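Below you'll find a set of structures to go through.
Look at the two complexes coming up: subunit A is in both, with subunit B in one and subunit C in the other.
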Partner chain A sequence: MKEFNVIGKNVIKKDAVDKVLGKAKFAADMKLPNMLVAGVKRSEVPSGKVININAEKAKKVPGVVSVLTYKDIPGENIIGIINKDEPILVEDKIRRIGDAIAIVAAEDESTLEKALELIEVEIEETQGVFTIEDALKEDSPKVHGDTNILAEKILKRGDVDAAFKKCDVIVENEYSTPVIAHMFIEPEATLANYEEGIITFYSSTQNPHYDRGEVARMLGITLNRVRSVQATTGGGFGGKLDISTQCHTALLAFYTNRPIKMVRSREESMKVSSKRHPHYMKFKTGATKDGKILATDVELLQDTGAYGSYGLAVITRSMVHAQGPYEIPNVRIRAKMVYTNNPMSGAMRGFGVPQVAIGHEGQMDALAEKLGIDPVEIRTKNCFQTGSVTATGQKLVDSIGIYETIKKAADKAEQIMDKEGK
Partner chain B sequence: MLVRGKGIGCMWYGIGNTGLPNPAAAFVKVHIDGSVTVLAGCADIGQGSDTVLSQIVAETLGVTFDKVYIKSGDTEATPEGGATSASRQTYISGNACHFAALEAKENIVKVASEILKCDEEEVVLINNTAYKNGCEDKTITYKEIMLGLKSRGLLAIGKGQFNPSASALVENMQGIPYATYAFATHIAEVEVNTETGEVTVLKIVAAHDVGKAINKKNVEGQIEGGCLMGMGFALSEKLIINNGHMKNPDFNSYIIQTAQDMPEIYPIIVEEESGEGPFGAKGVGEPALIPAAPAIINAIYDAIGIRFTHLPLTADVVLDAIKKKEETK
Partner chain C sequence: MEKVKISFKLNGENVTVETPPNKRLLDLLREDFELTSVKEGCGEGECGACTVILNNEAVTSCTVLAPQVDNCEVVTVEGLGKDGELDKLQEKFIEEGAVQCGYCTPGMLLSAKALLEKNPHPSRDEIKTAIEGNLCRCTGYKKIVDAIEASIEE
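This part shows the complex of A and B:
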């Protein structure tokens, strides 16, 4: 093997010393002279129609500098990393608890809180949809447009129905995984400033260039007039891929010509940041008596909540990976992703793969038991090798280490784990 | 009664966006004193990309790690790196940095060969020095080379970009969704308390094919964190949502695993080098999480003979299932 001088070496992480000493500056730690603090008035109902927003009382509070609604957005009021379906500030339709209705900039925190309380929002609450089953009904209320289905897809290779007839054993199981939160350690924050025709903002983010594009479109200005800087970021796990505080702070800085800082509380962060898509899954998997898997048939139902976020990436990736790291000649994966009035689901470490892995690995052990063979053996017997073809028809030729990982893990487990097993 | 069991979980994970272009770019400049600046769009969110990208540039240029300063994630200074997601930055921004460094290196190698009076192919750059291959005792410093560039009116700058060779998924979702995949296997040992339903994870062996570990400690850190997050997915985490209302939006009521729950973890790094990856690297960020929960579920089955299919497996869920099983006996 080639010898390296720096690659493969345990050099100390660039950010380690500052973080250990508490010197790292997160967006919430940043300050500029003349800075205002900002917050968001949010919906407390999951589904409804905004009849009227009255900010007069809030505006009169001494120390309140700016209160803005959708009417104040000079450019486009719609964001989203894949499909753009989320308003920066709600115009009429409320789709979830936490939808942003108005934003406030004030001299200090207590003034800000008072102003947010004094904004009067008249909402006509409407019937929402909260389960996939309800969302799919013909006559259900629609979260966006005229259907609640964000995407419906099929992945197919070979002939699963014919293949199941040749199987000696078949296992069928239903699986589900819940809504999961990222729990990144640092809640979202942005500091924005508008100077000399340039909007600059420092954010806790996983994608500063995407943030730049959304802020530029919102303000109706060109990309070279927006500077998006990633502040030191305390984790993300996918939860900081959507726009959080960037657009709201930038809009307030644009109007007030003063630096604006917005920091989410943990509870606000939990309610409005994306979540892991809950999955409802059916797996049917069949093998011959010598343990070769011939077919797998999978159905996935996924709830993306009020907005698409990374949903379209999750449905595709979860389908592509649902067969697991095994060569299976006949595969059918069907999936539906729906909108509901639940919290928004989006990117979270694995994009749907942790969910389908609960299914494909449950099936492997269930098959092994039925066949009376060892769980390790059924995996080594079926795992991808160089030259294997996946369900999307891709011939795997580059770096296929699954067999090695199974062997090495099994050998190590043999050494260190309780020999009896029980 | 305390009962132990072992279980296995495997996974595969495509690196980068699925069937879509997802390029990244970087700039590299070597300064007159032999120090280096890297400008990369890639956001380091704590996972260590600034470190790994700097290592890639240092290795490519033959300088030590401490010579490399990286500025990342500033749209006024750095070219686009795309999202820090999909376990893609080591592979994609890593390649962008590697290519940028290779371009910056061109003039350095040219001038070094003139000073050393040898062919460009014979120039070895290592540890902030250069020598003619085979003549390790006659070294010149990076500073001498950079002064050589200066006197010739040359600069050492480079740009790099990389987009993985995937293709769109068309009819029945056929196509090449990813250029390369990471693979992993976890084996977990658990102990189930049959009187309380509580599950304790004792040990996890976690073997990951990462292509090439640019920084082994970083990879191990990702694996260990992923195991703990996978334990939360299997055993404790669930947001309770009732008609759109979140019932447990805080750390008191949404239970993640913490340092006190950490089992013994044995990371194993497998290096099946990827042809397209920088120095053969793929990715590990998301793969680290994925096999842990399936391995734990299968270990619980091994311990008590109950196959759970609905997460999470909190103590009450496990205890209920144990009671039901005893009743049907």
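This part shows the complex of A and C:
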């Protein structure tokens, strides 16, 4: 085999030395002279209307330098990776527990805490929606606009209904997957500084270029006046693609002309960071008696929570993967992604693909059982090969390793499991 | 709050500092001594990112108050290794690919160090027990355990 410089070699990570020495600078480790600390006043209810925000008492606390609300945003007060639907600071409508209402910069942590407590927010709590079923009811409260459906899509190949008539066995099952948090070990943090007309911010982020655009639009300034720098980042797994502390720190730096640092507590991070989209799935799969799958019909309902985040990418990816790594000539995938007043769902390792895997693999086991054939055999019999065509019409020509992978996994499993399969 | 004066040995040097009695050891090390290798991950002793060695035991510094270390000995990652040389553990963490995002790394190294000081030839299970209070979300732990095992002196 050909020798490569990197492939097949144990390459030393270039920042590993700094990390074992504890020298790598994460955003919370950075500081600048004259720096202030900052925090966010958040909603404690999931659904409501803001009647009044009174920050007078907070502003009078010695050591409080700035208290800002949506009224202080010079540019646009709306962010979102794909569709823009999340306010940087709430104007009137509360859509989840943890929505940001006001931000504070203070000389030290204890002053900051006191000021956040003293901000008085009058909220009229309203009925929210917390299940997909409720969100889809005609008379349900609407999280955004006049419908709770963020997206609805259909993917078809062949004729599913006709194919089911030719099947010897059909299995129908429902599956659900829960909300999951990424739980990156480093909570989100940003250090922002506004100097000579340039805003610079160092963040724990996976998306510095996107952060830059959002901060520029919020401040109503051109991109060449915004520097977004990714600090050493303590894990993300998709959960640090959304805006966290970037806009709030940048806005406070812009107003105070002093460096601003904001570090989330674990509790705050857990409350407002994105989560894995919960899925509710119906699968109907049919096969011939010798185990060849002829058709699959899938319905996906997905909860994006209060905001879209990466939802529009998740709906597409979950659909194109819902047939699994199996060649199926007749496929119908219907999906709806809905808003609720639950925590925001976003990107998380796999973008909907791990969720639908629970479904298509459950179906493979159910078919194998019904047909009385080996679960490995039904998979190898149907899995993609070079030349297979997917539901989207893509012909697979290269790197189709699934057959070999299943075989090797089965061999390994046999080696390590005892005869009872434990 | 009235400050208290405390003295302790930090990474081999005697230090004295005045601190509010309710300050966490974590904040004392990060703010007063600028030892930012000590990380905060949860603030309630669950994740182990803030682990330091206190009198030969690995402890979470977010659940220790500063005055509690009066007359004690504290070691952070800055205190590992000698004369510009990496500690064997640090070397093996690099070689074995046990470092990814790096946020849990200092705490992980110190839990391992505390183990090896007491038990120079631990079994794989003893290594796992020693780091059970240190969460890592990147590696899946295998390479961390491999690295600690590889650092055991012959």
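The working rule: the second predicted complex is superposed on the first by the 418 of 422 C-alpha atoms of A that agree within 3 Å, B and C clash if a C-alpha of one lies under 4 Å from a C-alpha of the other, contacts with A are read in each partner's own complex, and residues count from 1 in each chain.
Heads up, the rule we're going with is that contacts are C-beta pairs under 8 Å (C-beta built on N, C-alpha and C of every residue); 3 or more make two chains touch, one makes a residue touch a chain.
All values reported here derive from a predicted model rather than from experimental measurement.
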So which one touches more of the residues on subunit A, subunit B or subunit C?
B
Give one of first, second, both or neither to describe whether A:Thr233 is in contact with subunit B, with subunit C, with both, or with none.
both
After the superposition on A, what does A:Arg266 contact: first (subunit B), second (subunit C), both or neither?
both
Applying the touch criterion given at the start, work out whether A:Val353 contacts subunit B, subunit C, both or neither, answering first, second, both or neither.
first
Is A:Arg379 touching anything from subunit B or subunit C once the two structures are fitted on A? First, second, both or neither.
first
Looking at the overlay, does A:Gly291 come into contact with subunit B only (first), subunit C only (second), both, or neither?
neither
Mind working out whether A:Gly22 is in touch with subunit B, subunit C, both or neither, as first, second, both or neither?
second
According to the stated criteria, A:Pro187 is in contact with first (subunit B), second (subunit C), both, or neither; which is it?
second
Once the shared chain is lined up, is A:Lys13 touching subunit B (first), subunit C (second), both, or neither of them?
both
In the superposed arrangement, what residues of subunit A touch both subunit B and subunit C?
10, 12-13, 15, 183, 233-235, 237, 266
Going by the contact rule at the top, pick out the subunit A residues touching subunit B in the complex.
4-15, 45-47, 81, 96-97, 128, 130, 153-157, 173-181, 183, 200, 205-210, 212, 223, 226-230, 233-238, 240-241, 266-267, 270-271, 275, 310, 313, 316-317, 319-321, 324-325, 333, 341-343, 347, 349-351, 353-354, 357-358, 361-362, 364-366, 375-376, 379, 383-384, 391-394, 396, 398-402, 404-406, 408-410, 412-413, 416-418, 420-422
Help me check something: in the complex, which residues belonging to subunit B touch subunit A?
3-14, 17-19, 41, 43-46, 48, 50-51, 54-56, 58-59, 62, 64-65, 70, 72-76, 80-86, 126-127, 169, 172-177, 179-181, 183-187, 189, 203, 205-209, 211-218, 226, 229-230, 232-233, 237-239, 241, 243-246, 249-251, 254, 256, 264, 266, 268, 270-277, 279-280, 282, 285-286, 289-291, 293-295, 297-298, 301-303, 307, 309-312
Show which residues of subunit A lie in contact with subunit C when the two form their complex.
10, 12-13, 15-26, 28-29, 182-187, 232-235, 237, 263, 265-266
List of subunit C residues in touch with subunit A within their complex
30, 35-44, 47, 49, 76-78, 81, 86, 90, 93-95, 97, 99-106, 109, 135-138
